[in-house]
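Okay, so subunit A shows up in both of these, paired with subunit B first and subunit C after.
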Partner chain A sequence: MQLITSISLNYKQCVNLFIRFGITSATLVLLVVFLSKISPIDSGLSRVGDQFSDISYQAKNVSLKHGFGFSLLTNNLVLQDIKLAMPATFELATAAMLFAILIGVPLGILAAVNKDKLLDHILRMLCLLGNSVSIFWLSLMAMLLFYAKLQLFPAPGRVDIAFLDEIAQPRFLLISSILDGNWPLFKDALAHIMLPALVLGYYSLANISRMTRLFVLQELQQEYVITCKLKGMPFNQILRRHILPNTAIKLITVILLSYASLLEGSTFVENIFMWPGIGLYLTQSIMVNDLNAILACTIVIALIFITANFICDALYKFLDPRVANV
Partner chain B sequence: MIGISISLGAFAKSADKQTLVMAQQIDNLITLDPAALFETAAQEYAYNTYQRLLNPHKDNPGQFTSDIVRTWDVFDSGRSYIFRLFPKLYFASGNPLTAHDVVFSLRRAIRLNKAPAFLLTQFGFDSQNIEHRIIAVDNTTVKISLSETVAPSLFYSCLTSPVASIVDSVLLQPHLAQDHGHMWLSKNYAGSGPYKLHAWQANNSLVLVKNEQNIQASKAKLAKIIIRHIKEPSTQHLLLDKGDIDIARNLLSFNNLPADTTKVSVLRNWLKYLALNQNNSYLSKPEVILAIKHLIDYQQIADTILRDEVVVNQSFIPLKVMGSKYNDFYQYDLIKAKELLATAGFEAGFSINLVAKNLKLAQAIQSALAQADIKVNIIPGDSRQVLAKFRARDFDMLIATWASDYSDPHANTVAFATNPDNSSASTSKTLAWRTNWQQPEFNIISEEAKKELDSQKRANLYESLQKEFLQIAPIIVLFQEVETSVINNNVSGFELGTDSNATNYLHISKL
Partner chain C sequence: MYKQVLAMYNNKSIVLGFSLLALFILVALVPTMFTRQSPYTPNFDNILAPANGQHIFGTDELGRDLFARIIFGTRYAFIVVLSVCIVTIPLGFTIGAIAGYKQNFIGNFLSRMIDVFLALPKLIIAMALVASVGVGIKNAIFAIILTAWAPYARLTRANVLQLKQQDFILVLKLQGVSSSRILFRFIAPLCLSPIFLQAFLDMSGYILMVAGLGFLGLGAQPPLPEWGSMLANAKDYILTHWWLITYPGGAILLLSLSFNLIGEGMQSVLTNKGF
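Right after this comes the complex of A and B.
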């Protein structure tokens, strides 16, 4: 690792990366705006009641000015709504990701080391279950079992009704409640985030552990590992000092893209657990044909993906000397 | 993780006896300005947080009560009205509520001219004439003059709407410059009702607290009412079962209710009807219209597929509204229907399209008409698509729902029976216009009934109009909707209103 980190990106590569980021983002924004302009959806009709006179309601035009215009759903500026929703989504996705990494990576290593043994089969089955079962169904079942039957977790929502005022402003509840020393709020927020984070985390865990297993197996077949073994190096040491650092580079891509998809793909979980994040906001906006909000959410989500890809690229170049000069 | 969750113990239910938690679809609540809101959840909010000159009487249709007006009188053959307010009324802000606030509020609603403003402007008010037609004689007396004679109960009905809510003119003063304070009042509160706004997060929750300045509020048992936006009936069911909510407002589709809960139902002024476009050569035949009316087994549909959701009502005036009669005029009669179709020359039937959102009902109509070999092709659509086709007169048959704007027979008479101008340039695209149907004498009777001062005579006019309408109209009113809420057995005093602007929180208590 010492060798790898000593190589850093040069100025030219940085500029190149940023230019690519800029061009991709601009193309995306233009494409989404163009598609929404040619869409035949009449946003106005969705918000006007049944009246005898001709509909006078003019849907405020889709616009990139003034924070994407107003939302038909909330009557707020769309950007303001997104600002309020993003911390909730980030918090949930981060909690889910932490769970997925902490459990998924060790499980993947364990499966690789025990390749084709019983443990490997059991872990494979568990992971396949997480990846193949619909997250919608998984969320419902989790809620039925852990909330309705066992009552181990609180009712869906980001906080209890006693703390509703606390989520009126955009904020990261877990962090800010610790900083404020507001322990009742912290306990409540933590209790509420756990079940959706577990469900969402299980979904990503499956992918992360499968990929970890694959990467570790690939490394195990490399000549440097055989050399180490011949030298008589203990396996734990080979794993820790050689295999894991080499696997980490590839794993970062998987983790970052999984994280990005959690930021967007938590739509079902947010709907079922009534989590006031961007997934819930987007679904509700689609239901009322709210073009301004749909446009804004699409751009925000796509930008998250582009940024994740951009960070992956940068990290690759930073960490892997073989692609540093490409 | 589960271990941690148990040790946290943070999710003990925090709602006490003073706090009511209600699950309701409140995504149609997009503004809190009473002069602009028009959606069901919004009207309910305005009803409980603002006061109006008059309120509808709970049990006697056509009668009114008031919390703030001592006496109200009509003069000048139904053209002038005088309202005398109680002294010492206050807004939640502490500012006194006077006749000047009433005048300010009514004028503001007319000037703002949002969707519900027609409820007031239909009496001839405009932004110029309100200066002398709506005036404060002194601090407690309001005088309103109309441009023409109108049945007092019709005018009073419109004054019970949220659009006529009284807002705090002093509080609103700094925000008036741009848009009569609409943007500010869309998210803030300036009322005097028994409950006042504590917090609103669009699409998430609405929290009301008791308004200590309101005299009626002294009777209120609840200090706080939390309305959570929960769209899914299954989630409402689960939360009610676990005691996390006290009232579930949208649980219609469940037969198995959670233990220790009770259903509370009320007829609301929403009618389901089948419109037959008179542009269609089959449907314009009077015998075909009559045959279709006899082909539908109204009671059976109400007892089976729409059980607990509707009751049979074939008249365009809702049950319990003044003048409502002939609610089961037509009976299912297959033989008669077939005879009528044979007379029209269609014994072999024909094929026709039906636009509908409610597919259960559409399928029932489809199988009803199939008995007489009328082949119905259902074109499903969401409410927006159905409404767009209806307004464009682009349909053969169409199923829709009509919600009365206020509890006076005039509201639905205008909608169902009148069509002053059948041209595409018409400014009044009523349901009759959309169906391409015009009955000139109905326009005249409707105007006559609107101006009739004698209540009995007025009711008679509406009754005869309904009878004639039932015989010839190509708009077949089928059912009236029932609204159902499920409440926890420890909750009492919850009153659902026939209009959403009469659902009252004041008497709710929790054990």
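Right after this comes the complex of A and C.
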């Protein structure tokens, strides 16, 4: 009987989550449509000459069916441009996330184990700085230091000029170059992705390591840790066998959320490192007042963000039944 | 209360944060105390000069004194933070309180609205709003406000949901006190300290956001010495003139660091968790 009530509760919560997701997306679309109506920018009038009649009609038709209209920047359909840009953004965000997880999670665990010692304080400063620094300034400083002064990394961009043809199609460069066995391209792409990924990764590293530390500390206070200690289990084993699996559940949601917010942060990083992703496309469209592209990018980025939020909520309730029944 | 104040005084990060903030407030109130140079007057004989005796941070691409521009720019950062807080805190509190206190249609609707605005990506929405409606520091502030009220509303709603089940609220109800009076006279004071804590934690976010909008050319317009738009101009000189990007960004970092230090410290004093 108990089981049935808990399942029905979960069902109700699932519906609730879906409703919230639907309402949020609807609000987003309404907001964007509202912005396009009140905006003084006329996407039709910003085109002149013989192109005016036909294209301006389509340019005003900012619907998905019309590919969000035409872009002033590239003269392509905005949807086409976004399709081309998305893999680049995902590649950068994934590389940044890998860096943030590989450094952030161990750092958080070490800080929790050595609470109030030197390492903990170092991490605390790191997090404070990470929350206080503006990501575009960090990118500029990284470029100034590592590219201009030390010349450790190649010039901004996704690949060297020699390989420009390679990024004409939407694809994940690092993966596809390995699959093709194109090692010079892989090396070049890797060298180009390093610096932006490091900067972008630091942006979420602070959050991830901080949450890891918090979760491990919470687990350390649980009674099962005392039981394990009493039965003589070495601390390393307690950490590996019991604490880490328990924190992993909560960490997955944190990581997913940071991944979504990386998309926001990558707007600036892409702009500065000339990374041909959706963030660069958005900022360049802002520069030329291209309303179609701006609003289309807003919808795409925000929808990804909202979906990640939604998946996070669902996952959290699914993986941790204690939360679901609260 | 006295104990808490004492604990705050003993907390290193709060003291450090407040002293930094006090310095910035002084700079914002009387910028002329710190520099004699004008932040607007160009000097074409002295373009992009490195630091020297007359210009301690050097000059920018129009020969204006960089130090003076940073000093006068402090004011804009505070204008943004203050105007956002003045609007969002009462707005968020009112919406959150009604959402938590009323169990009817309005309450449910407001609760949904809070969830929706929490789930929207703040920066992208702000960028879209300013880019399509028009650039300028006023619109940038409005764009930040659009999503910034939601955390306060969520916090207040959670607090009100807890508080309204307490016995003293029942007693007040039985005495026939109106619900708005209960909310604003009795529940509001109890919700204030978490809200102010949230405000200090969020303030650095507002500064970073308005600087980001300025950097994309969406915030304050030239010749206003706003830090973000100064960085936008300096971007073209990054390879040759390092001081143009280093100092304004450093100012942003220090100011938002001071807010974060205070927020973190208050968190550890008030809630005993924090970092």
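Quick note on the criterion: the second predicted complex is superposed on the first by the 271 of 326 C-alpha atoms of A that agree within 3 Å, B and C clash if a C-alpha of one lies under 4 Å from a C-alpha of the other, contacts with A are read in each partner's own complex, and residues count from 1 in each chain.
The rule we apply is simple: contacts are C-beta pairs under 8 Å (C-beta built on N, C-alpha and C of every residue); 3 or more make two chains touch, one makes a residue touch a chain.
The shown structure was predicted, so the numbers you read here are calculated from the model rather than taken from an experiment.
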Go through the superposed model and pick first if A:168 touches only subunit B, second if only subunit C, both, or neither.
first
Thinking of the overlay built on chain A, is A:212 touched by subunit B (first), by subunit C (second), by both, or by neither?
neither
Name the contact category of A:139: first (subunit B only), second (subunit C only), both, or neither.
neither
Is A:282 in contact with subunit B, with subunit C, with both, or with neither (first, second, both, neither)?
second
Looking at the overlay, does A:294 come into contact with subunit B only (first), subunit C only (second), both, or neither?
second
Mind working out whether A:177 is in touch with subunit B, subunit C, both or neither, as first, second, both or neither?
neither
Who does A:148 touch here: subunit B (first), subunit C (second), both, or neither?
both
Tell me the contact category for A:74 with respect to subunit B and subunit C: first, second, both or neither.
first
Between subunit B (first) and subunit C (second), which, if any, makes contact with A:28: first, second, both or neither?
second
Contacts of subunit A common to subunit B and subunit C in the A-superposed view 143-144, 148, 272, 289
In the complex, subunit B residues that touch subunit A:
1-2, 4-6, 8, 10-11, 14-15, 19, 21, 27, 30-31, 38-39, 115, 118, 186-187, 199, 201-205, 207, 226, 228, 230, 235, 238-239, 241-242, 244, 384, 387-388, 402-403, 414-415, 427-430, 433
List the residues on subunit A that touch subunit B in their complex, please.
42, 45-54, 57, 72-76, 99, 143-144, 146-148, 151-157, 160-162, 164-165, 167-168, 184, 187-188, 190-192, 194-195, 198, 272, 274, 276, 281, 284, 288-289
Which subunit A residues qualify as touching subunit C in the complex?
20, 23-24, 27-28, 31-32, 35-36, 38-41, 124, 127-129, 131-137, 140-141, 143-144, 148, 210, 260-261, 263-264, 267-268, 271-272, 282-283, 286-287, 289, 291, 294-295, 297-298, 301-302, 305-306, 309-310
Inside the complex, what are the residues of subunit C that reach subunit A?
112, 115-116, 119-125, 127-129, 131-134, 204, 208, 211-212, 215-218, 228, 231, 235, 238-239, 242, 245-246, 249, 252-253, 256-257, 259-261, 264, 275
